[in-house]
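We just call them A, B, C and D in the order they show up, numbering each chain from 1.
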Amino acid sequence: MPKLRSLRDAVAEEVEDGMSVFMGAALESLIPFAAGYEIIRQRKRGLTLMTTISDMQFDQLIGAGCAAKVCGAWVGNVAAGLGHNYRRAVERQEPGPLAVENHSNFSMALGLKAAAMGVPYLPTRTLMGSDFREEDAFAGVVCPFTGESLLAVRAVQPDVAILHVQRADAEGNAHVWGNLGVTQDAAMAAQKVVLTCEEIVPHEVILSDPNRTLVPGFLVAAVCCVPLGSHPSPTQGYSRRDDRFYFDYHAQSRERAGFDEWLDQWVLGVDGPDGYLERLGSERVADLEPDGNHMAAPVSYGM
Amino acid sequence: MVIAAAREIRDGERVFVGMRLPLLGFAVAKELHAPNAIGIFESGVVRDWPALEPIFTMSDPPNVAGALFCCGLIEVMSLLQSGRVEMGFIGGAEVDRHGNLNTHWVGDDGRRLRLPGSGGAADIATLAGRCVIIMNHERRRFVPRVRYITSPGYGDGAGWREQRGLAGGGPSRTISSLGIFSFDPATREMQIESYHPGVTVEEIREETDWPLSLAPDVTQTPAPSREELLAVRKYDPDGVWTS
Amino acid sequence: MPKLRSLRDAVAEEVEDGMSVFMGAALESLIPFAAGYEIIRQRKRGLTLMTTISDMQFDQLIGAGCAAKVCGAWVGNVAAGLGHNYRRAVERQEPGPLAVENHSNFSMALGLKAAAMGVPYLPTRTLMGSDFREEDAFAGVVCPFTGESLLAVRAVQPDVAILHVQRADAEGNAHVWGNLGVTQDAAMAAQKVVLTCEEIVPHEVILSDPNRTLVPGFLVAAVCCVPLGSHPSPTQGYSRRDDRFYFDYHAQSRERAGFDEWLDQWVLGVDGPDGYLERLGSERVADLEPDGNHMAAPVSYGM
Amino acid sequence: MVIAAAREIRDGERVFVGMRLPLLGFAVAKELHAPNAIGIFESGVVRDWPALEPIFTMSDPPNVAGALFCCGLIEVMSLLQSGRVEMGFIGGAEVDRHGNLNTHWVGDDGRRLRLPGSGGAADIATLAGRCVIIMNHERRRFVPRVRYITSPGYGDGAGWREQRGLAGGGPSRTISSLGIFSFDPATREMQIESYHPGVTVEEIREETDWPLSLAPDVTQTPAPSREELLAVRKYDPDGVWTS
């Protein structure tokens, strides 16, 4: 199977009902919203959604009935407030029950790092006084050298990590820059990686700057060219944040009926990523264009 | 509150800034008394000057372009865990008399209401040299004992942090919409340090669900200076955060 | 004290007798040889030298009598063979006794990472069958989740890490690229960092590409402009490896007398980094010039 | 030995290459039967094609320019530790009948001789899917039991690795200057699989300090093909490694 696939094929073939799916690795930027919309359209069910801070993407997936569980540090709408679907699911089991495993940003990052490194846990000093240190993901350990009490964080190995990046080649070798969060840890921790990217570039572009490479392509199962695939979240150098989209969603999703309308308008009634851009309209897309006067200083790998 | 937050940042300090008001407070402090302060963002960004445009989240492109260091979340949290971050701002839905914060669950008319969760706040509360809590002051938010400790303050009082092995120093102050609060060194209990201009101690006590004591020399919060107001306008020209 | 200093001042003021000094973080490239020569000229004594693979730098420092202990994974001359001074010190206490703490590359990296992260140890699956797992730096631990036996590696926190990088500003904010090894871990683990760099650049150059930054300058105590400061090891984009220098050193240092001559010729009889370049000669310096047709593809941080 | 090393690399495998002969073996394998092999270097380099010029160390600029991925040592060792590296090459000053290697100390006329140490070899020996040992064949190097285990093989025989919790599979073959050796699956003892052209089993036994047994179907190592020789010449035109 070629790695370079349509988003529809990649989600159909790589995301299965019941899987654990890590998204939102760069916190509020590079969120693979387009992939989330595709997961909703394909009516995937029983997913364990994993994240640090999901911003409003998980609220959408929860409202659409795709999730059985959330494992993460924060679920809501960062600019606008609480996640209404998240609340409805946890408080009223609507549209279905939702289990929650609480992490902090750091503990989730350590869980991914443990899996990325191939060890079953990593020790930390964080969360020693938090009530959620009682969750199953944590256990007390003692340093064999100093005798200090520490917290062990259990390895977190998602079945698939879906990541949005700036550019990738057809083999899944990708360049990513700007705000990274746990992007590399998630890519190395997951059983497999699905990338969406702003552009597909020749292999030589990747090889020209190997320090910018996210992970080698042999960890990547699929790569999909989805310009503005992080909308409404930003992609450094490619797209600004569409703040209004978050506030509109927050207002519309306050009641279930409003959310259903939103879902029809932006996901179910839309024909894939191209249809989504059409619906956004050329003017709004143009507004997302970043200002381009922030080029990285040249670097030579001359030998 | 923005100006009070700015005043908490000392020159040269490394500060976990977070979002919303502290972000603006960091910009104001840099402009005025703390030109060498460094802002650290848990998404993996370290800056020596404020974001280039007003932003809604720490991951927004203007907070990344022109940064000093972009790395992973693990790296900035490692700076925190290894004791190299002097201060961090945190908030929550509820705070209690010992500065514990809750952002997981609150009660609302007998019903449980699910909140977003910790994000990085629990990490900062556990590990930063000291923390500054920022909260809107309402009686239902200032409770005797939080229902759930997301971000630990002083637990149930003096000695609690030491006993549990928390590496950071705990909250140094709470900045609320009504006043500024310190923690009694003997009891680790929140106490009124100053009331904002136009607010009285009685009003603060009315909006607090436990009997708040007074710090020695309780006074009025100094009014914003002209320079402080100008700096706020510069970084929040549309009054998004300070209107 | 300004951070931007001469190499002489930086070594005089930041490296004290008896300190632990990490060098050779990028394995066989970016070795801060010029800083090592300055340590020899200033007759520092009783140092604990820390590294992954030191290549021949540590052999020089050991022969010059600067070291009381070596803590690392490999000491020798990578291209040419054994380190003669290392052997003389360990086997015959010449010029003085030398303690050795054995690591592997991975265990040393994990020790640094633990210190960088602020935890007293990290768990690993490596070295489970090696005889040096009995050293004090290692201890058995059991995973509290899976019950697996693992090895704990004790945190390694050098007093100072000396690192050579491509470019830095006057505040110690540096860009480094190419072969990195444990460069970032060493910088974050050490109590303080001393940088030598190929060029000092304006602050704005660093800010133009924050993903390329090594560590924020607040971890750096001193930065010194030392072009070819890694010679004879390579600096990507700035200098090739001078292979002949390694073979010549290996032949000359076979006997103690030959090493003394080498030391006079290249270190003690040389007036700092400028004198060293003079001794190399303009022709040899020109031969080290890399070919420049390997520029990194452009990257925009446009917002 | 270079060609024998190349033959050990299967197409599509991730290989911890190391330096000297295996580096060249990787280039030859990529050229001939394993075009999709990936080379991993412990300094933090991952390549999908050989270095651009002949090199002496894995950190040399021609091994970095045009790489697929440059990262930290921790990242490539993490790929190894998490079981994603199928094979690694290792060597040493001494090897014993169970494939244990020593690069720390050897005896020389009753005196101890200090060697460089592990580098990354102990990590690869412990963690790689399988290892291939490359050694010059001399009696003082092929010993019944190494004095010190730097890079573990099968310890004292079958079951030893499993008992100690070693994650990797252990040595699959030894390539020496005289022949190729496998490990008996029942005893985990090294045995002659093939002798190089011009070498006899007796010569090999003479240069080995324990009674070496024979694998079933012991045979002569296939002579280098024309294609293999051409590929070696292409990547080592001056015969630095293969003269």
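To be clear about the criterion, a contact is a pair of C-beta atoms (placed from the backbone, for glycine too) under 8 Å apart; a residue touches a chain by one contact, two chains touch by 3 or more.
None of these values were measured; they are calculated from a predicted model.
Participant: Any chains in contact with both chain A and chain C?
Facilitator: A chain counts here if it touches both chain A and chain C, which gives B, D.
Participant: Counting C-beta pairs in contact, which chain pair has more, A-B or A-D?
Facilitator: Taking the two pairs in turn, the one with more contacts turns out to be A-B.
Participant: Distance-wise, how many Å sit between the C-alpha centres of chain C and chain D, to the nearest whole number?
Facilitator: That pair's centroid distance is 27 Å.
Participant: Measure off the straight-line distance from the CA centroid of chain B to the CA centroid of chain C, and report it in whole Å.
Facilitator: A distance of 40 Å separates the two centres.
Participant: List, in ascending order, every residue of chain D touching at least 2 other chains.
Facilitator: Those would be 45, 60-61, 64-66, 70-71, 74, 80-81, 167.
Participant: Among the residues of chain A, pick out those that touch two or more other chains and give their numbers.
Facilitator: Residues 117-119, 124-125, 148, 150, 177-178, 180, 184, 208, 211, 236-237, 240, 290, 294, 301-303 of chain A touch two or more partner chains.
Participant: Quick check: in the complex, which residue numbers of chain C touch chain D?
Facilitator: It is residues 26-29, 52-53, 55, 72-76, 78-79, 82-83, 86-87, 90-91, 102-107, 109-110, 113, 124-132, 148-150, 177-185, 233-234, 236-237, 240-241, 243, 246, 290, 294 of chain C that touch chain D.
Participant: Quick check: in the complex, which residue numbers of chain C touch chain A?
Facilitator: My answer: residues 117-125, 139-141, 143-146, 148, 150, 152, 154-155, 166, 175, 177-178, 180, 201, 205, 208-209, 211-212, 234, 236-238, 240, 290-303.
Participant: Provide the residue numbers of chain B that touch chain C in the complex, in ascending order.
Facilitator: Residues in contact with chain C: 14, 38, 45-46, 52-53, 60-62, 64-71, 74-75, 78-84, 167.
Participant: Which stretch or stretches of chain B touch chain A in the complex?
Facilitator: Per the stated touch rule, the residues are 19, 42-45, 55-61, 63-66, 70-74, 77, 80-81, 104, 111-123, 125-127, 148-152, 155, 160-161, 164-167.
Participant: For the complex, give me every residue of chain A touching chain D.
Facilitator: Residue list for chain A touching chain D: 115-119, 173, 184, 188, 206-208, 210-211, 213, 215-219, 301-303.
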